[in-house]
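So, here come the structures, one by one.
Two complexes come next, and they have one chain in common, chain A, joined by chain B in the first and chain C in the second.
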Partner chain A sequence: MSAPTLSTRKPSPAPRGHHRPAGRDSAREEFVRALRRNISAHGFLIGAVLCFSFFSWYPMVRGFFLAFQKTEDGRTTWAGWSNLSYVFNDPAFWQAWRNTLLFTVLALVLGFAVPFVIAVVLNELRHAQGYLRLLVYLPVMLPPVASVLLFKYFYDPGYGLFNRIFEFFHLPAQQWLQDPDTSMLSVVIAATWMNMGGATLIYLAALQGIPGELYEAAELDGAGLLRKIWHVTIPQTRLILSLLLLMQIIATMQVFTEPFLLTNGAGPEGSTTTVVYLIYQYAFNFNNYGSAAALGLVLLVVLAGFSAVYVRLSRSSED
Partner chain B sequence: MRSAGFRRSRTRRTSAAALVTALALTALASCGTSSSNGEEDDSGSGSGSSDPSAPLDPKAEVTLSIDCMPPAAKAAELREWNEDIKAFGKIYPNVRINGKSTPGQCLEPPRFTAMLKGKSQPDVFYAYFTDLQQVLDNDGAEDISAYVTETSVPALKDIQPQVIDVARKDGKLYALPTSNYTMGLMINRKLFTQAGLDPNTPPSTWEEVRAASKKIAALGKGVAGFGEYSAGNNGGWHFAATQYGLGGDVVDASGKKAAFNDEKGKQVLQQLHDMRWEDNSMGQTQLLKWGDLQKRISTDKLGMFLAAPDDIAYMVQQLGAEYENFGLGPIPGGQGTLFGGNNYMIKKGSSPDRIKAAIAWLNFKNLSPGKGQFDWARTKKDQLPVGLPQPNFFTGRSKAADDAARAANATMPVENFKAFTDNPVQGKAEPPKAQEIYKILDVAMSGVLTNEDADIDKLLDTAEQQVNQVLANQ
Partner chain C sequence: MASNTLVSRRGAGGLRAGRRRRVRASDQGRQRTLISPAQLGRRRGKTVYWIVLALVVLAFTLAFLGPLYWMVTGGLKTTQEVVQSPPTAFPTSIHTENYSQAWNVMDLSRLLFNTLYYAFGALAFQLVLDVAAAYSLSKLRPVFGKVILGMMLATLMIPATVLVVPQYLTVLDVPVFERNLLNSPWVIWLPSVTNAFNIFLLKRFFDSIPRELLDAAAIDGASPLRTLRSVVLPISRPILGVVSIFAVVGVWKDFLWPMLTLPDPSRQTLNVGIYSLAGGVPENVLIAALTIASVPTLLIFLLFQRNIMSGLTAGGLKG
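Presenting the complex of A and B:
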């Protein structure tokens, strides 16, 4: 049996307004005592809470309301479902989702596999591992805008580095970012180069945590390199791989900076218009904050749904 | 089973969290209130007359914040700005002007939209002709109809009616112009001569443009004959200009329906596609936006592009090109030409004194022949461009005086613009929701310039559907 809680305590039968109930007094005293006891903790916390309130929670709540509002001639009114209807009827909406999913798939193929392979190779190296780690991480330290502008130069069909290399090997010049068929792949290559350093280091840390005895035992059983990776490395790093996969999907579905800077956002024939770029376009080019917020809400629901499915799947696989 | 202590501590934590959240939200609310009220209001110290027709009370101390002040990098323009403030201060010693400069362009659409949303625009703010609806949607500008008279703006009757009309909505005036332009065809005279073309007779039809473009591109060394934008809203802007030149339209008379998905719209895209892919005369690099073509023509890598006259000032002052190298012809087709420009609006909520002071400054700086931006003798002395056919919004006596002063102080060979000035094309205002429409049409422009197999009908169908949706949402 539990002790009576604050809510179940009966107040003293004093007349209303005469003096405060004893229960509320003691609760108040306890609250004040706790506040005094934890005053420094609250002091430290308040900055973070204010920051989160100002920059995260308030905009989220405001964004939710904006999705159902409309502003015309300075008057804001409730718009019902019209913003969502606008978004769903926009031909760019489906194109943006197709492009975003294409980016996500390509980014997973390249951005997930490449850092893992590099981490495995680095882990196998006996010499110069530190220098190579630094080299792999170096692009992460560059400001994203600088990296993107570098790639913009590499990709230029006229004087770009990549076409110069192709020319040297007598290969036909490519249009890279200028061709609707290759623009998204070009964006993914640049994004992978820019971001793989962090993932590689995380994989490397996970790989170095695998006990050497497991590899020795596998070798004694006659396992080759691929079988060691398949039967030892991947199972041992499964947790970190799953975590990074989820984070990567969430991050890639919100891609904005790379296409915005490499192809001015839309890209050739709208081939690099992503969902987040479309949100930006609604808000800052179309002055239509309602539809921007509505599309943000759609993206939130999709990502939340994906995360929920993922968590359920990973729990069931653990069981 | 959980203990009561645990529940109590949870209740306390919840209360503390609620308290902190309430405090935070209160802080947010107060922040919102202060920002929505705008900047400090010190215009009431003299408590002048609220009668719009009454002159500014000399006892009323007014401080005006104004954007688009020249940045430090533009030393001569900044010096002129400061001189004008000093001269204005002699007439209105009670008015203090706080200029605000921004590096690069005075107005970038995304930044402007965010500024309006945050109500952080200065008291007097710079806008494009196309921004009026957006500003009104955000309740951002004062109706200045009653304040703008021939007393407060003596040259008012000499300003082209269409330049004033773009600043009107439902009969109310919301802005005063600072500059206007009409589009034409910019040419590189050196490349024209090298290609055996006559630089004094720029192409006036699209057939001539295409033929000239082929000849210029044949010079080789990475030279393109004709260049076009297809990103940053500029592709759509030039689609509209080309469409107007052919006698077409972008939006119908009702302002509610797209009007570019027709034979003329197809012609605009088809001729660009053919120049890019059949003639290979437009260069390989596309997705260009404002600034890119100017750099190419300044370095003799481009023969022609559609432009406003003030591009020449940018190319000479910022990119180190020579005035002699450029010429200007009328828009190909010549059926109509897109006219645009920029103006200044006064922030909503400004006091009558502040509005009067703002109009006095705008009149002094931007709307008085022989003064401010029209003081061509000073502009020449400061080695800034004189002789461009822009701004060009005066008519009647004001125009005659301004043209004479401009010609007398010209710092560039104005005969190179003769084809443009001698063949004036009827100006046509930009469509409603212009920036939104331009953004959509960027995709169609980039489609034909980057995809040899682009489906022009499909590009126009999709753009039409999107534009109709944007127009229905206004």
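Presenting the complex of A and C:
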């Protein structure tokens, strides 16, 4: 690259605005210097900017237009709102949203509460913490195909491990992934096992930042274990809790890999069809890119709504 | 709020208690948490603590190492034994040939090579282009730098799955170059550069490098490139480690994108290849293949667990 050599002669100047112009010559020198600095700076940026332009920014714009276009026999024409109305009139649309919301709620109950409880317990332990932290994060590092197929074996109604465990405790055997009533819960359990390591470790880091004096003060006021959790632990970690809550809602509403691999996407009676799986079906099974993009736009709007609510909440809690 | 009164009332009593406890806390060498050291010191507290510790260690080992154990040993069993009910804890006879069969039948060496090729290529592209971009945005500060950074960070707000369809259409026919990237490694490498989160992490780290250090290098006549190589990069080893691990693991775990863009079986990744062959091989061979596919990331994890976990909390607190 030639750009960096341009500025070899001059020491790089302080940030703009720090120089006092002492005359026309130095002003001109200043301009040349700024120009050189900019050329080399943009030289460093250009690679990443090109990648972003082609594979991120352009697809973003294209996706938006795609939602209002139609491609037939290789010709693209404007379709107006027809893609969106097609999507809204598809019975699978409402089912997919119901499933996605169910997944999100279940994933929050499990994937949000379980890591927090685990982190609180881990934080109390004086031994084996390193080992336990390692274990919690282990599944995150497995290739998804491995963990998902493992769970598929465990869920098998015939020889699966889970029904053996149920049998041991004299509980009725379940159909797990093959029953429309339990299929989504089964997917969530697997997804939680696979993904909760990250949240647990982040909570743990937040818990370790709580000043010990707060607990001491609470004890002097006669607070028991649960009240200490409620009045010290949770308020002290509220910021990170709500941040992760939002991140988790956004992530779980985009769930694809787990149901796709566990139940081939749709599941029994379409009980695990999620919004993103529907996008996938529109685009890659029906070659209907317009409707896929339109549904993507709907998902984007909903997720943006969540983000806005979150920003509002976090602002009002600061006041 | 009750939490405020708990905190504000601590005053003198809190101080005294704090001093008394600090002695104990310091000989334990750790910060005080939810349960007070005094409570733990009592006989009953000790018993409860050890019981809880034993239960947690046992439960975690079963929940997180158990499935892995089942996977490794399942790969050593016969087909009948894998699906046998109740399952056996140890294989009755060891069949290491399952592993060699998995290696040969599923062509794991090719899948493994492909995945490594994509992962380390993506790593190289990210290290060169993202580091250069973050360096430029942090230290060279070109005009429009803020706008470019903002546009990069904005891509974090767009759910990845919404972008998949237009991104897929883009790589089918890349504008300007008019190339079809399907089945070529570029389809993994170039989009991997658009990792705004890594750029953000790098930039934030570079921001913390004192300006004087770079100015000193510049006064010695070093070009920006030279400064980056001999001043910035050596200091930035920890963050480079974190970013590298995320880059490799990201490619290793990805499923939807490689499934769409690398349809040719001889170019697939481990995840996709094993998934598409899963139906055609006996259970024990498939499980052996899963074990083999899990080994590389688990090795990375065990070797670099410290970097991974610190990077995780650095990322989690991004605000």
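Note that the second predicted complex is superposed on the first by the 280 of 319 C-alpha atoms of A that agree within 3 Å, B and C clash if a C-alpha of one lies under 4 Å from a C-alpha of the other, contacts with A are read in each partner's own complex, and residues count from 1 in each chain.
Quick note on the criterion: contacts are C-beta pairs under 8 Å (C-beta built on N, C-alpha and C of every residue); 3 or more make two chains touch, one makes a residue touch a chain.
From a predicted model like this one, the values you see are computed outputs, not experimental measurements.
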{"item": "Which superposed partner A:138 touches (first chain B, second chain C, both, neither)", "value": "second"}
{"item": "Partner chain(s) touched by A:127 [first = chain B, second = chain C, both, neither]", "value": "second"}
{"item": "Which of chain B and chain C A:111 touches, first, second, both or neither", "value": "neither"}
{"item": "Touched partner set for A:232, first chain B, second chain C, both or neither", "value": "second"}
{"item": "Which of chain B and chain C A:154 touches, first, second, both or neither", "value": "second"}
{"item": "First, second, both or neither for A:254, with chain B first and chain C second", "value": "second"}
{"item": "Partner chain in contact with A:35 - chain B first, chain C second, else both or neither", "value": "first"}
{"item": "More chain A residues in contact [chain B versus chain C]", "value": "C"}
{"item": "Chain C-contacting residues of chain A that also contact chain B", "value": "4-5, 42, 45, 49, 54, 58, 156, 158, 280, 283-284, 289"}
{"item": "Contacting residues of chain A [partner chain C, same complex]", "value": "1, 4-5, 7-9, 11-12, 14-16, 37-38, 40-45, 47-49, 51-52, 54-60, 62-63, 66, 120-128, 131-139, 141-147, 149-150, 153-154, 156, 158-159, 161, 164, 193, 198, 201-202, 205, 207-208, 210, 212-221, 223, 225, 228-229, 231-233, 235, 240, 243-244, 250, 253-254, 256-257, 260-261, 276, 279-280, 283-284, 289, 292-293, 296-297, 299-300, 303-304, 307"}
{"item": "Chain C residues within the chain A interface of the complex", "value": "1-3, 5-7, 9-10, 13-14, 17-18, 21, 25, 28, 30-36, 40, 49, 52-53, 56-57, 60-61, 63-65, 67-68, 70-71, 74, 83-87, 128-130, 132-133, 135-137, 140-143, 145, 148, 151-152, 155, 157-171, 174-175, 190-191, 193-194, 199, 214-215, 218-219, 221, 223-228, 249, 252-253, 255-256, 260, 270-272, 274-275, 278, 283, 286-287, 290-291, 293-294, 297-298, 300-301, 305, 308-309, 312-313, 316-317, 319"}
{"item": "Footprint of chain A on chain B - complex, ascending", "value": "1-5, 7-9, 11-12, 15-16, 20-21, 23-25, 27-28, 31, 109-110, 113-114, 116-117, 134, 136-140, 222, 230-233, 283-287, 289, 348, 435-436, 439, 442-443, 446-447, 449-451, 454, 459, 462, 465-466, 469-470, 473-474"}
{"item": "Residue ranges of chain A in contact with chain B within the complex", "value": "2-6, 30-31, 34-35, 42, 45-46, 49-50, 53-54, 58, 71-75, 86, 89-92, 156-158, 175, 177-180, 263-270, 273, 280-281, 283-289, 291"}
